[in-house]
Structures are given as C-alpha cells and as structure tokens.
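Chain nomenclature is as follows: A, B, C, D, E and F, assigned in order of appearance, with residue numbering initiated at 1 for each chain independently.
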Amino acid sequence: MRVSQRAANEMRRVSFERNIIKHAEGSCLIKFGDTHILCTASIEDRVPVWIRHSGKGWITAEYSMLPRSTKERTRREASTGKQNGRTLEIQRLIARSLRSVVNLQELGERKIILDCDVLQADGGTRTASITGAWVALYDCLSYMQTKKLLTRKKVLKHHIAAVSCGIVNGLPLLDLDYEEDSSAQTDANFVMTDDEGIIEIQGSAEKKPFSQEELTSLISLASRGISHLIAMQKLAIL
Amino acid sequence: MRVSQRAANEMRRVSFERNIIKHAEGSCLIKFGDTHILCTASIEDRVPVWIRHSGKGWITAEYSMLPRSTKERTRREASTGKQNGRTLEIQRLIARSLRSVVNLQELGERKIILDCDVLQADGGTRTASITGAWVALYDCLSYMQTKKLLTRKKVLKHHIAAVSCGIVNGLPLLDLDYEEDSSAQTDANFVMTDDEGIIEIQGSAEKKPFSQEELTSLISLASRGISHLIAMQKLAIL
Amino acid sequence: MRVSQRAANEMRRVSFERNIIKHAEGSCLIKFGDTHILCTASIEDRVPVWIRHSGKGWITAEYSMLPRSTKERTRREASTGKQNGRTLEIQRLIARSLRSVVNLQELGERKIILDCDVLQADGGTRTASITGAWVALYDCLSYMQTKKLLTRKKVLKHHIAAVSCGIVNGLPLLDLDYEEDSSAQTDANFVMTDDEGIIEIQGSAEKKPFSQEELTSLISLASRGISHLIAMQKLAIL
Amino acid sequence: MRVSQRAANEMRRVSFERNIIKHAEGSCLIKFGDTHILCTASIEDRVPVWIRHSGKGWITAEYSMLPRSTKERTRREASTGKQNGRTLEIQRLIARSLRSVVNLQELGERKIILDCDVLQADGGTRTASITGAWVALYDCLSYMQTKKLLTRKKVLKHHIAAVSCGIVNGLPLLDLDYEEDSSAQTDANFVMTDDEGIIEIQGSAEKKPFSQEELTSLISLASRGISHLIAMQKLAIL
Amino acid sequence: MRVSQRAANEMRRVSFERNIIKHAEGSCLIKFGDTHILCTASIEDRVPVWIRHSGKGWITAEYSMLPRSTKERTRREASTGKQNGRTLEIQRLIARSLRSVVNLQELGERKIILDCDVLQADGGTRTASITGAWVALYDCLSYMQTKKLLTRKKVLKHHIAAVSCGIVNGLPLLDLDYEEDSSAQTDANFVMTDDEGIIEIQGSAEKKPFSQEELTSLISLASRGISHLIAMQKLAIL
Amino acid sequence: MRVSQRAANEMRRVSFERNIIKHAEGSCLIKFGDTHILCTASIEDRVPVWIRHSGKGWITAEYSMLPRSTKERTRREASTGKQNGRTLEIQRLIARSLRSVVNLQELGERKIILDCDVLQADGGTRTASITGAWVALYDCLSYMQTKKLLTRKKVLKHHIAAVSCGIVNGLPLLDLDYEEDSSAQTDANFVMTDDEGIIEIQGSAEKKPFSQEELTSLISLASRGISHLIAMQKLAIL
C-alpha cells in the first residue's frame, strides 16, 4: 500500500484555480496534492533574434522554486547568480512541450512567457507545471482573441498534460510524491495530448536498468493519469 | 477623494494567513489590498563568519518579486544573474528591522532566514513584507520553543509593523497603492514598534523638497496605520 | 566629550578642492576630517532606454571604496564580480539626491555620471559624497554652459548638502566619525537644500527604537550642519 | 534513401582510439562518422559534500563543444561566462548514465570526472560522448586496479552505449546525422546495457505527437545499434 | 644534458596537420613534442564597434586548455564562469601577433577568429598556438581568395612563428618543455617574422634578474628556432 | 621635438608622496607627469592555498583605473562584473615584479597586497604603478620590522623601478605619454633593479616588426630612466 493510501494507478487530488494574478494575461494555481505551483502567461512584443521578420511567434518558459518550497531551504538562484542545470532542463521541457501544441504562425511576432513558480513542492513539480501552464496559456490566448490579437480560432491544437510514473519496490506507480520519487528505482515523466499522442517521454534508471515491458506498463499508467488531468482541465476552463 | 474611495488616513484591507507552507518553521501570506506576499521563516544551523563562536544568532532576509507580480512582466533575477539595487536595499531593510526586535543572544548560534516573495504587487511591498515577516518569525520562534531550542521566553522584544505614506497632490495619505505611489511628490516608509518607537524611517522627495511639518504629518499617519497593523497581528496570532 | 574634542553640534574640518582631475568635466576632492572622496562628473551622450526621445536628460551615480580606504582592507568589488548591497544603496541615494535639484528637461538627451571614489574612509562617506558631487556637478554644468550645450541658466535649482547625525551614549551628535558611528544607537542621514527643504531622510535604530523627539533633535543638528556645508560650497565655487 | 547511403537501421562508421592523452587516467577519441569527441577520465580525491564520510565514490561529467566544432562558429562558454541549458542537460545525462553502472561503494571516497569535448560535430554528440566515456572510464578503473586503489574486481557492472534514433519523413532511422536530426519529426536518445536493459530514454515530438507504436520501432532500432556499439567497445578494450 | 636528450639549441619534433576540422575555413593541429594544439580560423561578418564603417577588418583569438590537457586536471573555465588572467593574457598575445602581419584594410569589414584549444600540454602552449594559428589563418585567407572575398594577393605580409627560451641551471635552452619551464630562472617568449623582425618579446626573471648578455643569447636561440619553424610552415603549406 | 618639449631620453617630472592613506601599512602617491597613481600595501594573515604550511609568504597586486582617470570615461569594472584582460595582465606583471625582489621565506605566512589605483592617466600607468608600489612595499616592510613581524634585515633584496620606451616616428623615446604611446610603432616596458638586472621586458611591434638594434637602443634608454627613478626612490625614503 502507498503511504498516501492511494491505489497504484490513482492520482493525487488535483485542482486548478484560474485568474489568480490580476496583472497576467493568463494565470493558474495548480495543485497536485501538496505540490502547489503558480503558473502565469505573459505576452511580450519581442521575439528571439532568429525568428525576427518571419511573422512567427514563440513560447518560452521559466521555472523556479521558492526557497522554502522544499523540505530543507534551497538557496535562491537570484542570489547564487545562476540557474542550475535542473532548473534549465525543466524550463526547456516546459517550453518545448507547450510550443508543440501551438500554431506559432498564428501568434504573430509575439512571445508568450510561461512562468512556473513552485510555492510548495512534494514531487512532480515539472509535470504539474506543464499541466497548469496549459491552462494559463489557454486563458492568455482567449484574452488575445478578445483583444483581436489573433485572427484564427485554432491557435491551440491540443490539450496537453503531464505526469510522472515510477517503479517503487518493484511496483509501477502513478503520480509519485516526494517520498516515492526518492526511493524509485525507475522514474519517468510523460507529456501527452488528449488523443494519446506522446509529446515527451523521459525515463531514467535510478538504481537498475528497466525493461521494455516495464516501460510499457509505465506508459499505460501515464496514459490513464493524463486522461484524468485533461478531463479536469476541460472542467476548469468551462 | 482617493481612487480606492479610502479616506486619507485609511489602510487598505489587510489579512494574514498563517501556516501556508507546510515545510517552513513559520509562514504567512499577507495581503495589503492587491499586494500579496508570501513570507516564510527558515532556521539554519550556520551563522555568518563574523559572529561564529560568539554564541549569538543572526537574522537575514531575502526579497523577490515573481516576474508577473507586476503590471508589465519583470525579468527574473535568477535569469539576469544578479539581484538589482532595489532588491538588495529592500532585503537589507527587512532584515535590519526584524533583527532590531530579536534578542540575538537568546537565539543560540543559528540563523533565521526570512523569505518574502511578492506574488502580486500593488504598492507597499516592502512594508507588507516586514509586517508579514514578523508573523512568520513569531511562528518560527514558537516552533523553536516547542522544540526546546530556546530556553528563555522573551526572544522577541516587540511587535513591529511597517507602512508607507506619501504626499500626493499636496495631501498626506496613508498606505499608498501603486498608482498613488507613482504620482507622489514625497514618499516615505516607516517601521515602528507597538509602543510607538521608531525603528526605521526613510523619506524621499520625488518631485520637490518637503518640510519638517510635512514629515510630522506623515509620521502621524504612519503611527495610526501601524497601530492598526499591530492590532491585526495580535488577532492573527491569538 | 567627543574623542575628537568637537562639540556635539560641531562639524569636522571640511574642505573642497576643485578641478583635481584634468579629464573630467567637473571634479572635486572633498574632505570631512579623515574621510576623503574624489568626485567627478562626466557627460555621456546616451540616456537610459526609458527616456529616449523624451528630450530629457538623466543623472546617475557610482560609488566605490578603494580597497585600503578602510581600516581593514576590503575586497575590491571588481574582483568579487559584483557591487554589494551597501554600494548599490549608496549610489542610488547619491543619484536620487542630485537628480532632485536638476532641471532634467534642460539637460537635453544627455547623461551626467557622478563618480564618488572613497580614497580614505572615516565615517560619513555617503553624505560627503553627496556634498562633493554637488560641486563636481556644478562645475560640469558650468562647462556645458561655456560650451553652449545648455541654453537656460537655471538648470541647477538648489544647493544641496548632506550630513549624518546619531545618538551616541544617549546624546545627539552631528557628523559622526567611524568610531562614533560604530557605537551609535541611532544613526541617520539627511540631505537638505539651501532653503531647509528635506530631500532625503534615512534613520535606523541600531540598538533600540528612537522617539519622535529624538528624531526632531537630529533634524535640528542636521539642519545646522548642512547650512555650514552649503556656506562652504558657496565659498568653494566663488 | 538516406543522403549518406546508409540503410535505415545502419550505424555510421564508428571508431575508438584509446590512450590519446598522456596525462589522463583514461582517454578515448570516439568517432561516429564526422562526429569526433575526446573523452577523458580523471580521478580526484575530493567527493561532493553530501557523500563525505560515507565511504562512497561519485562520478560527474562535463561536456563542451569547441567553438568551431559546429558549422557556424558557436560562442565559447568560458567567454560568455556560463554553460547553457543544453550543455548542462547533456552533462547531467552523461554522468547519470555512467554512474548507473558503477558500484560507487567500491570506488572509495573518490570522484571520477568524465570530460567529453566535441572536436567536430555532426549529430549524436551526446550519445557518442556516453559511448566513448564508457571506454575512458573502463581504462581509468583498470589503472586504479593496477595501482591497488580498488580492491574488488566488479566495479563496473555493465557495458553501456547510447545512440539516437528518429522519425524522418515518416521513417524510423538509426543514428541520425546533423541533417537528419534537423528535419526529424521525432527525435529520441537511448542508453542501454549489454543485456538490453534501458538506462535512459528521452524522446521529443519535434513536429507532431508520436504514437506508442512509433516509440516501439525506435526502441528496436536503438537496441540493434547499441548491440553493435557494445560489440565494438569489446573489441576496443581487448 | 637535457632530460629529452636534446641539444641546448634543438627544437622538439614539430608537425602540422592541416584541414583537420571540416567546418572551419582554416584549421591546423600543431605538435611541439607532447604539446598538441588544435587551431581553427573562422570568418564572421561582424567587426568590433570601434572599427565599424571603416572598411577595415579585425583579428581576435581565443585560447583554452581542455581540462585534462594538464598533468593534474584543471577546472574548466566555462564552469568557473570566467577566463583567468593567464588565458586572457595569452589570447591577447596571439591576436596581437597575428594581427601585426595581416593587412587589415584588405580584409574588408570582417573578423577572423583564431581558436587555439590545447588538447595536451607540455610547455610552450602559447608559442605553439601562434605558430599553428598562422597556418590556420593562411588557409582561411586562401579560402577567402578562392571565394573571391579578397581582391588583393598580399593580405598576409609575413610568416610568423614563436618559441620559448629560458635559462635553466645557468644554461640558455631553446623550446622548453614543462619540466624545464618549471625550473627555469629566466623564461622568455619570442614572436618573429621570416626576415628576423621581432613582433613580440616577453621575458621574466623567475628567480633572479637576468643581464643584457643573457637576453642576447636567448634572442639568438629563438631566432634559430623560429627559422626552423618557418621552414616547416613553408613545407606544410606547399 | 616632443610635444612636451622633453629630450628623447628625458623622463617626465616624477614625485613620490608617502604615508598618504592613514589606514595602510604602506602607501605612496606617485606621479609621472599627469599620470597619478595611489599605491597601498596591506598585510593579510592568509596565504594562498598552495603555499600554506610552507612558512613562506606571498605578494599579490591589484590594479584599477578610476572611471574618469581616462580621457573618455571608462566603465567601472565593479559594475561590468569582471576585470578585463588588460587589468589582469597588468596586475600579474606588478605582482611578479615585486615578488622577484622579496625574500618570501622571510615574510612568514603572510600576504602583502599591493593596490595600485590610477587616479589620473596619461600613459605609463603600469610602470608608474610598479615604481610606486615598491615604495609602499618598502614602508610596509619597515612597519613590519618595527612591529617585530620580521626578524631578518634583508627582506627586500633590491630597488626596482619600471619605465616604458617606444619608437615614435622612427625615434626611440623614453617614458611615453598617452599621445606618444598611441602613435608608437613599437612599445616596450622594462622593469630593472638598481644593479641593472632585468626583471621584466615586454616589447610589442604595434605597426611593424622591430630589429635587435632597435631593442638595444630601447634597453639603453630604459636603463637610464630607471637609474633616475631609483635615485628618486632613494631620496623619497631617506
């Protein structure tokens, strides 16, 4: 049995609170159990140098943990003077994932920045960030439609959501919390669309190699979890 | 009349939510109207080099604005690679203020770090930070007492709270919001104790010099606002 | 009695040496007793981004202590790779103070940079910097008038000078030297104009809160000291 | 047909040159076609703080591209002052992969650093780095055995090698070169052991989501390529 | 007798391998004994700000040691976040030397960047870098002539090569290896042209002052070594 | 004729002012014409890691130009966040030069830091720094002798001084000012002892290669200038 009393294929309690920051064009406070992340979407009129004059838009992401979102206080990256490798890796993943479901041509020469700030962490912060950032992005694009900044309807091609799975004590589990994640022998993150297309898959053997069969069982758990998350996204934006 | 319909000597709606971050030894979400700040207090066993082996403790503070806490998105300091002058100035002020009411000798060789992260900004973030950090610090010290880390009762010598005042269109006003702050001709921040002792005073002529009489009227507004804030702190920690 | 034999309301010996650096448009070596600061004013043709095309000018300041200006050698900020919080706070104060007495509209789209480099420190470096920078700025503006870069006469609206005061062993004292500053229970800096308008006031309780009455007595000392400094400035620019 | 005339499941020409740097405890120049990487293994006596006094060893990796290893010259990270996100992500992957097949307990309190410097790049630099670093690590461990720094035989638990696969114009291909990688709709990297255990899997939809079936076909290509690479490693260390 | 069995005025075995990096406009792997350096020349269309619109070109250099090019592993400058003084000094020397023999006016508004990456170090890396960079530069200029980017023939005015000499145990020696360099009492580097013109001379007394006569004997050794190097360059570019 | 009316072998007016900074163990304001440099010597009790427990001392130097020491204002290195290549090269030269005449064994495990801050620059700042730093160092060592920190007399083995020479319009000149330096075809710096031993020699062909004969004539000018400087040092320390 899991410490949290959840079944192996059961998600933690998930919630979305929209419009939580008055200044942002889109914002969402997402919770996966005790993991709480504040996601905002902001529009900027400048695009990166390499797509200037292409008529195309761009999407980037930034990820950060508040110092005391973690069990032991983590040093603030603004104070150490640089973002560490884990931070950069996660924000590259968030941006790549969301970019893959946006019709960048339709955005016009604008950048949308997705900020994911972890207020409290208990495992799964990168997957919750992606799931919550989708909602902030959705609201930002709706705002742009209201303001006539977008001309076509279908700028956002799919829902996406993300979840982590892992093998803990030999058992495949869905949506690991921090304790489970720390003792997992294999740990994997999945980003998928509402029609079960895979956007990103990242699996690591933490303790011993895993087999193709184990991978398949993790994919199947992830697929179930992501369906649930996307159903909740749909309710949240009703 | 103020845009917010407040009287010249009226504070915005203030609220405190304690124990908002499960990992922290003390935490408080403070709101001064639309200014929302998450304050946490964390204990560390290392003290700065210059007080090692003195038996004394220390208190520091860090301040940061989430990128979209502001009207226009602000660049993340972790990404620019350094904290700007305003940030450093504010965190020095927060630390100095709280340090002045703690009996550092009683802390033992420990450091308490006060993190003030602005989720949403609408003026007065430094004063709200100080007022909320006091509550996080209070809870942290209570936790230490429960854990027998402190032996004496009176580690915290006073309540303190802080508020901004300013002269806008010739009129002295209490607790400026962002719009008022932007057009103020004089802008001042005050930190005071529950027995009206002054801890910090910082006043700047933004547009033209101010007189001693004007300063006196600002101090008197501040004194009123701070009494109100300290009364609310007392309710919050009941 | 003060160690220096000064009366409570007596300034240290003050002197101004103008035109000390041949390349600068304005320069002044100011001395408050053993505090020696080299101030220069330099014209640049670029203004900050946010006022470009406004026709307005701007004033900034940089402050630095030579490594051995202090009793113990201080690490060079160029070598540590960043300016610390105290440095940034002081240079923001110097710039804000001088900017408040210049008619920026009349400057044209130009920036004047005030560099204050502390050659030897014995307390009061920020206030001596402001007082000396005013002279360097005055000479720079005269140079600009000679070169027909300015069309109107009254670009500089006021004299300003600055001084520190504090409460030491319960007594309010004017113009603290390093030893006095280290043992002060309250420490305050004042910037005022020649007609007693207040430009900046910054007071901190170092050891215990101070009262309004104590603040009033410090303001009155400061006012006296600043009158003296402005009288000396007037002599220096004759 | 592939531009290089290779079959879909055909690797580029691979070679290993050992002992190429006289100072290093292990070194290998690995080539995957026109991708050339110099891998070295270095022993250090210091381990990271968090495993000190645990008796355990550690393995880290650093990855860098020479400025002109790329088609257009890339700015040197030593000169920009920081390693970018891609670099950090790759060196985390290399270290994690190699660490997973070493018995860290047997290393003693020592760190082995794997440096992978790309002399010439034509796609697949991260997978070639892992494959070559294994050989450098093998030689380093042999050196340690010779020097009696290791007591047990089985410090290295498995061979590992890595390869990239992708879907290009709808076809799954093994070992992408730069041109293929740039136009792939899905791009994946695999790290596996000599008994087909999976160590790392990272797949990204660059243009449209991919299906589980597509993933399976990529795994099967990777498995074939990695068997070939490990067979070549075995020859190289004979 | 020298440890390497060389005569006092004998160079180590020198070799040049051209066109070693397929992407670069010019490249050369130069070896002075066990010192191995990869030199590339890259063309960029941007020149430094201060020569823009002058029609002139520019030449810069970057120098770096791979971490394990040295006996003990050296920390990677990309990871420490800055290039140290020795690196900056060497790359300034390389650039200055090569710039002195190029007709910058004939280059057009282009920059050539010479990257010298030390794969293996055994003394004399800066002088080998200059000698090898000349060949990479030569090939780059030939490429530009082929592409009709240069109109005149004589862009490169001279051959240059460089060598170190030193006084070891009282004896002047040519082309010091690492061991000799470490124990030299005087150490000097020379850059000269094919007609014995001096481009750079840098001599340091490591242990005791040297005399004019000693300097003369070092110049004469250097002159002999450089003649040999230039003869080898001529063979290499045949 | 030189613009300054000096003969080819004539130094600018040189002066030394000792004990100019009250906190420093040694200090000297040196002037070579309009080049003014403040040199201080500071004792620290920590030596670099690599000589710890060797009983030996060490000498380092730091060099910096005040922003407005130059004709056009130079950006402050503390503000750009790093010391540039020229600065690092100069401070390495100053330290190496002074270290070569100190008996480091006699210093004990202490470091002396020589700070050379250029107040006003008109060519020759590095050579004036060395010449002035010698005096600051001399006073620092005397202070140490007075305080019984040194046991032996002969810690300082030689006087040293430094001067620049160059070939301008075909003529060898001594002690170049800024204008001469800018138009020199060859520029060289020399550091020598009181018995004409050479400590450092650095010569660069700025425009065309120079010959051995030209080098000899520069050495002979330098030797004359340095004799003069050392005579003045001797007067200064009487």
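Methods note: a contact is a pair of C-beta atoms (placed from the backbone, for glycine too) under 8 Å apart; a residue touches a chain by one contact, two chains touch by 3 or more.
As the structure is a prediction and not an experimental result, all values here were calculated from the model.
With steps allowed only between chains in touch, the distance from subunit A over to subunit E comes to 2. Counting the residue numbers that touch the partner chain, subunit B and subunit C have more than half of them in common. Look at where the CA atoms of subunit B average out and do the same for subunit F: the two points lie 50 Å apart. Chain centres here are Cα means. That of subunit A falls 28 Å from that of subunit D. Shared interface positions of subunit E, defined as residues touching 2 or more other chains, are 81-82. Arrangement of the chains shown, judged by which pairs touch: one closed cycle in which each chain has exactly two touching partners. Passing around the ring starting with subunit E, then subunit F, and so on, the chain order reads E, F, C, B, A, D. Put simply, subunit D touches subunit E in their complex at residues 21-24, 27, 34, 38, 40, 42, 44, 62, 64, 66-71, 73, 76-79, 81-83, 87, 113, 115, 117, 119-120. Of all the residues in subunit A, the ones that touch subunit D in their complex are 82, 84-86, 88-89, 91-92, 96, 100, 158, 188, 192-193, 195-212, 215-216, 219.
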